[in-house]
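What follows is a set of structures for review.
Look at the two complexes coming up: chain A is in both, with chain B in one and chain C in the other.
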Partner chain A sequence: MNSSALIHAVIDGVLTGSVYALMATGLTLIFGVMDIINVAQGIFVILGAYLSYALSVHWGIDPFVGLAITIPTLFFVGIAVEKAFFGRLKGPEKTAMSILVTYAISLVIEGTLNMVFTVNYVQIQAWYVNKSFRLFGVWFPYIYVFGFIMAAIMLSGLYILLYRTRFGASIRASLADQTAAALVGIDVRRVSTICFGIGIALTAPGGMIFGATNTFNASTSYDLISRLLTIIVLGGMGSLGGALLAGILMVTLEDLVGVIWSPVWSTLSFFLVLVIVLSVRPQGLFGKQSARVA
Partner chain B sequence: MKRKGKLFRAFGATSVAAVTAITMAATTTSGAASNGTIAKGAPVTIGISLSLSGDFSADGLAYQQGYKLWAADVNRAGGLLGHPVKLDIVSDASSPTQVVTNYQKLISTDHVNLTFGPFSTLLTLPAAQTVNRYGYAMIEGAGGGPSVFQAGLKNVFDVTLPVAYDLQPFAKWLTSLPASTRPKTISYVTSNDPFTQPVVQQAQKLIGKSLKTVYNNVFPAEATDFTSIADAVAAAKAQVVVLGSVDVPTVSAFMQAFEQAHYTPKAFIATAGPDQGAAFIKAVGAKNADGMMVPNSWYGQSKNPQSMKMVAEYVKQYGGTAAGVNADIAEAYAVGQVMAQAVTATKGFDNAKIIKYLHSGKTLNSVQGSVKFNSLGMNTAQTAYTFQWQGAKFVEVNPVGDPGAVKILFPKPAWGN
Partner chain C sequence: MLLQKKNLLWVVALVIALFVPQMITNPAYRQIAVITLIFTACATSWNMFSGYSGYVALGSAAFYGTGAYTMALMANHMHVPGNGDMFWLVPLGGLAAVVVAIPVGLVALRVRRHTFVVITIAIFFVFQLSAINANFTGGTGGLTLPYVPWQIQNYHLPFYYVALVVLVFAILLSAGVRRSRFGLQLLAIRDDEDRALGLGVKVFQVKLTGFAMSAFVFGMGGALYAMMQGQIYPQFVFDPMFDITIALMAFFGGFGTLLGPIIGGLVLESAQQYLTVTYSNGSLYLILFGVLFLLVILFMPQGIVVFVRDRMAQRQDRLESATKQVSNETPVAQGVHS
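What follows is the complex of A and B.
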């Protein structure tokens, strides 16, 4: 085994895993507050990637600078989607119905993206996308390092929002128990709408990094969503810290298995860990027991 | 007892209804497959399942363009035996299970007269097995993996060169280089796809010990993140890389990771991806494409008169340049051409007669060149070529000495230069 490849695998895993964690955080936030399994999260990531691509190609806006436009845009798209489709979803079937509704939304967005951008694969380009720098004998691609830093900033921002603000307390209360939160005067409906917006807004930076590190078209979303769902189930549905840890853990493990053993088993290892963890802790690493019961 | 009697009556009625329905369906479908007659002036309907979404969507859409281009040409010339051609295209979302459902529906519900193949070996095998049950011929252009031919089907005909031969010219060129210039090391990395693995395995056999293998691995077809695999290949620092890829994203991911690792192999060939013309250039950039190689049996600047006509029509309709025309277009177009010749020769749309005719050993022609099927449905009349991107042009470089071949760009220029 080549030690250089091993080091690379760990570095790749941590750097890439943090971006997946960022994308998965939006998904788990939406589930935690609203009991909605948003299978459209993958296509929203691709929508974020296409928005960054369009800003870069047509207006020459750097993808990172473009986030100042794409994050608010996707936030308001999220708000609009929540208000249009999820306000009326109630009752015990809400979670199951949410899968159908979000799947329908993903199909509409996929079809629209195919019409606008065609199915030809594209990739976001910038000076740092293919460049790297050497540190301690290891090549660090700029895009992954920038992506890691951005994910750290975004997740820290989310942490501050959740744990250092009054609105964050409302979200956490809703995450813990929606009925109790409503009883103490929290407008759970408003919190839900904003959380959905935040969850979708987080796909903008995730999508930008994904689009700069992969060629993509609208159909790429199918590969993404299975991975994102695995991450949040492993971390614990509704657990933000769980999504972060599971994202980094899963991708690093996958990369290490690929290098140490064989790439054939790398994807399998991703799901094998999920099965093992769930057999011991059905609620995931950091999930609430009630999340499974519900 | 009364309840039992009711149950028996209900069971009996259901059984009779089911048997009647099955018999009617069987009569209808076998009629569609073997009758071969169509009312005067009525269209001949061709059923096709294509990957209009999912992993193969870029290829699926290109195939759709190729089939439609052919149908438009045939209809302009008066149709097939005077019947206008109507394409019944449904999407399989790149799913091997959906493709089965689609062909069942096309034959038993839509009653199509003929069928054309889907995209990829992965989907062609279940599709061919399905239409075989109804007695239909399946002419296709993208199911050249050994698994399709090993299935023992008599109804499948691949108009393209079998993929196992794809890397022959490249292997021959590599091993024939003088020892002083011949690369010393090679890496093989492939998706475990039924199309790519046989190609790479065949290349390994042909190259043998002429070059030292420093990396040899298979990655799952469903992989989406290639960074660590590509980094491992880069760390092995082989002078030649053979990549078994099915699409542009896979090749692009390896190219990006190699550039980030400051690793440029002297020769880099991928089984698919660089053949997608403008779509490949758009994804990776013209400068990065320089020196990238891909095996194929057709290219946009081919001097074949039929091909030149098709390319001109394509460029007129969709824009772009001859070099940017996706090879999938030609494969799909060739499928239509071969079917047209079989229909003309058999003077009808009887699938049994079409199958018999295509097995007769007759040499047919297409935009991709000659077509002659062996008993397994492989096209034995075509030649494998290696193509390379040189300064934003897609040119033939192998077999060495072929009239259309230009000098190979070797060693490959550094990324982005």
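What follows is the complex of A and C.
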């Protein structure tokens, strides 16, 4: 092990971590506004990856250009799923039920993807995949840099939506307190539907980068969702900034452990950190300490 | 009168269960029956903690796997001969799971429900990855247990009856807890944890005790499974699908009811096996299972038991109001019905 390997691990960690952060932001947004733990987020990422893959293989559309199609598609898929299933979920076991509902949805999508694309592993191809450039003596893979830039643009867009628009204010109000938001005249139902759409739409760019940097098939989603859930719990469930920071931190840490000890232990370290942090700070790094949870 | 009738149904069910292996003689189907019993026992036990307290655990496969590895390691290191003696290791597998569950609970139960779900998943992965990477667990190759030289035709028979004992134990435990003061405390936590705390329930101890108790049955189930298979692999005994299956059984039957997970386990496990056999196409099976699953959750969100009970109560109401009408018309008959 030398210092250059460490530097590479940190750089790769930050660059790929930002993409994980993007996917996790969608998940934590959905939880914060709707109290829904969307375990289908992993399969939606894979769905996004397959859409980009299909566009580039069949029509030769560049994956980044293809986002203009895949993001709106997944947004409307999200809206449709929300309208179809989550209006019915009520009562004290709503969150637990939401896990089962979204799990069932992910099973259906997984089966469909297996039928359409088979279970063979694929990877999105483009000229910048598997190519790097050298800067200050460090090699940067193009796809990681492009992914980082895209994640930064998407997250800034989300930030502007949330903090500079009227609709964003109603989302933040719903995040803080749904009952109070409804009392001041916010249509929480409509906000929830659109937030679910946004949360799912964010998996399209995330999935595209994931599909270009990894080989994947539908069952890759299990690995993804367990990471994403770990990230949002560590950041504090419902905290957008927390998800962002935890995403970058965790992936960097994983890369570092892989370099310093062995890749065998890197995934384990991911979950172990969560357990250790939560035994000290049960609400996560940036979570609100809820005074009363009914 | 009603209570006796209820008990009679349990006895009838037990008698039928005792004669199931005589009715199905195909070893493959007998194996399905044993696995169904093990899963039903686990679902009952899962419900005893998660259903009563409202803390949905999705990492109990960690305890199932602990039981399986305890069975394998102890049988190998203590040179237990491959015969019925190995069954004595089943409760030891359960104890090992309890011992493991206490520190896990100490960490996981510090948070409230929503986060608890995710932490249990994370802890499960810590167990699975450790089993895959550690040395004493045999890595991905798993462990081989002492060979049990029983005839293939009746190989599953002893396992069936031991699994039935485990299931009966789980049901008695769950029923006992539900009727006890301890069970009331768990239910109080489910309804309103802060109020329960305010009323003097030691919520943390109660949750931890319930969590550890439920691990006992998981450990026994895992140990029994390991002994029957004769070979365990980390990805099968520490299976992320295990918990979803168990939770689904409980929700399908009726979350937080005594009978729910039993019915859910028996119906779902056999349905799942049937679908696997009928549709060898795994993708179609996933879609069918997912759709079935969605329909049940959306149309019977409280599970079969509550759904049927509500329908029966409605019918009872209608009958009663009809009787009332009749009795209003002929007031003389009133005494007969009450």
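Convention: the second predicted complex is superposed on the first by the 290 of 294 C-alpha atoms of A that agree within 3 Å, B and C clash if a C-alpha of one lies under 4 Å from a C-alpha of the other, contacts with A are read in each partner's own complex, and residues count from 1 in each chain.
Operating definition for what follows: contacts are C-beta pairs under 8 Å (C-beta built on N, C-alpha and C of every residue); 3 or more make two chains touch, one makes a residue touch a chain.
Because the structure is a prediction, the values reported are computed rather than measured.
Trainee: Are chain B and chain C a fit on chain A, or do they clash, once the structures share the same frame?
Mentor: Superposition check on chain A flags a clash between chain B and chain C.
Trainee: Touching A:G13, do we find chain B (first), chain C (second), both, or neither?
Mentor: After superposing on A, A:G13 lies in contact with chain B but is clear of chain C.
Trainee: Return first, second, both or neither, reflecting whether A:P282 touches chain B, chain C, both chains, or no partner chain.
Mentor: second
Trainee: Counting only touches as set out at the top, which of chain B and chain C does A:F271 meet: first, second, both, neither?
Mentor: The second partner, chain C, only.
Trainee: After superposition on the shared chain, which partner residues are touched by A:E110: those of chain B (first), chain C (second), both, or neither?
Mentor: Both chain B and chain C are touched by A:E110.
Trainee: Counting only touches as set out at the top, which of chain B and chain C does A:V259 meet: first, second, both, neither?
Mentor: The answer is first: A:V259 touches chain B but not chain C.
Trainee: In the overlay, answer first, second, both or neither for which of chain B and chain C A:Y222 touches.
Mentor: both
Trainee: After the superposition on A, what does A:N130 contact: first (chain B), second (chain C), both or neither?
Mentor: A:N130 sits against chain B, while chain C stays out of touch.
Trainee: From the options 25-33, 43-51, 205-213 or 295-303, pick the one stretch of chain C whose C-alpha atoms clash with chain B.
Mentor: Answer for the clashing stretch of chain C: 25-33.
Trainee: After overlaying the two complexes on chain A, where does the chain B footprint on chain A coincide with the chain C footprint?
Mentor: Common interface on chain A, chain B vs chain C: 110, 114, 222, 264, 267-268.
Trainee: Within their complex, state which residues of chain A touch chain B.
Mentor: 2, 4-5, 8-9, 12-13, 16, 110, 114, 118-123, 125, 129-132, 139, 141, 144, 213-220, 222-224, 227, 251, 254-255, 258-259, 262-264, 266-268
Trainee: For chain A, which residues are in contact with chain C within the complex?
Mentor: Interface residues on chain A, with respect to chain C: 31, 35, 37, 85, 88-89, 91-93, 95-97, 99-101, 103-108, 110-112, 114-115, 222, 226, 229-230, 232-233, 237, 264-265, 267-268, 271-272, 274-275, 278-279, 282-284, 290, 292-294.
Trainee: List the residues on chain B that touch chain A in their complex, please.
Mentor: Touching chain A from chain B are residues 52-55, 57-58, 60-61, 94, 189, 192, 217-220, 222-225, 227-229, 231-232, 235-236, 247-249, 252-253, 256-257, 259-262, 278-279, 282-285, 288, 415-416.
Trainee: Residue numbers of chain C touching chain A in their complex, please.
Mentor: Going by the criterion above, the answer is residues 54, 56, 58, 106-107, 110-115, 117-119, 121-123, 125-126, 129-130, 133, 190-194, 240, 244, 247-248, 251, 255, 282-287, 289-291, 293-294, 297-298, 301.
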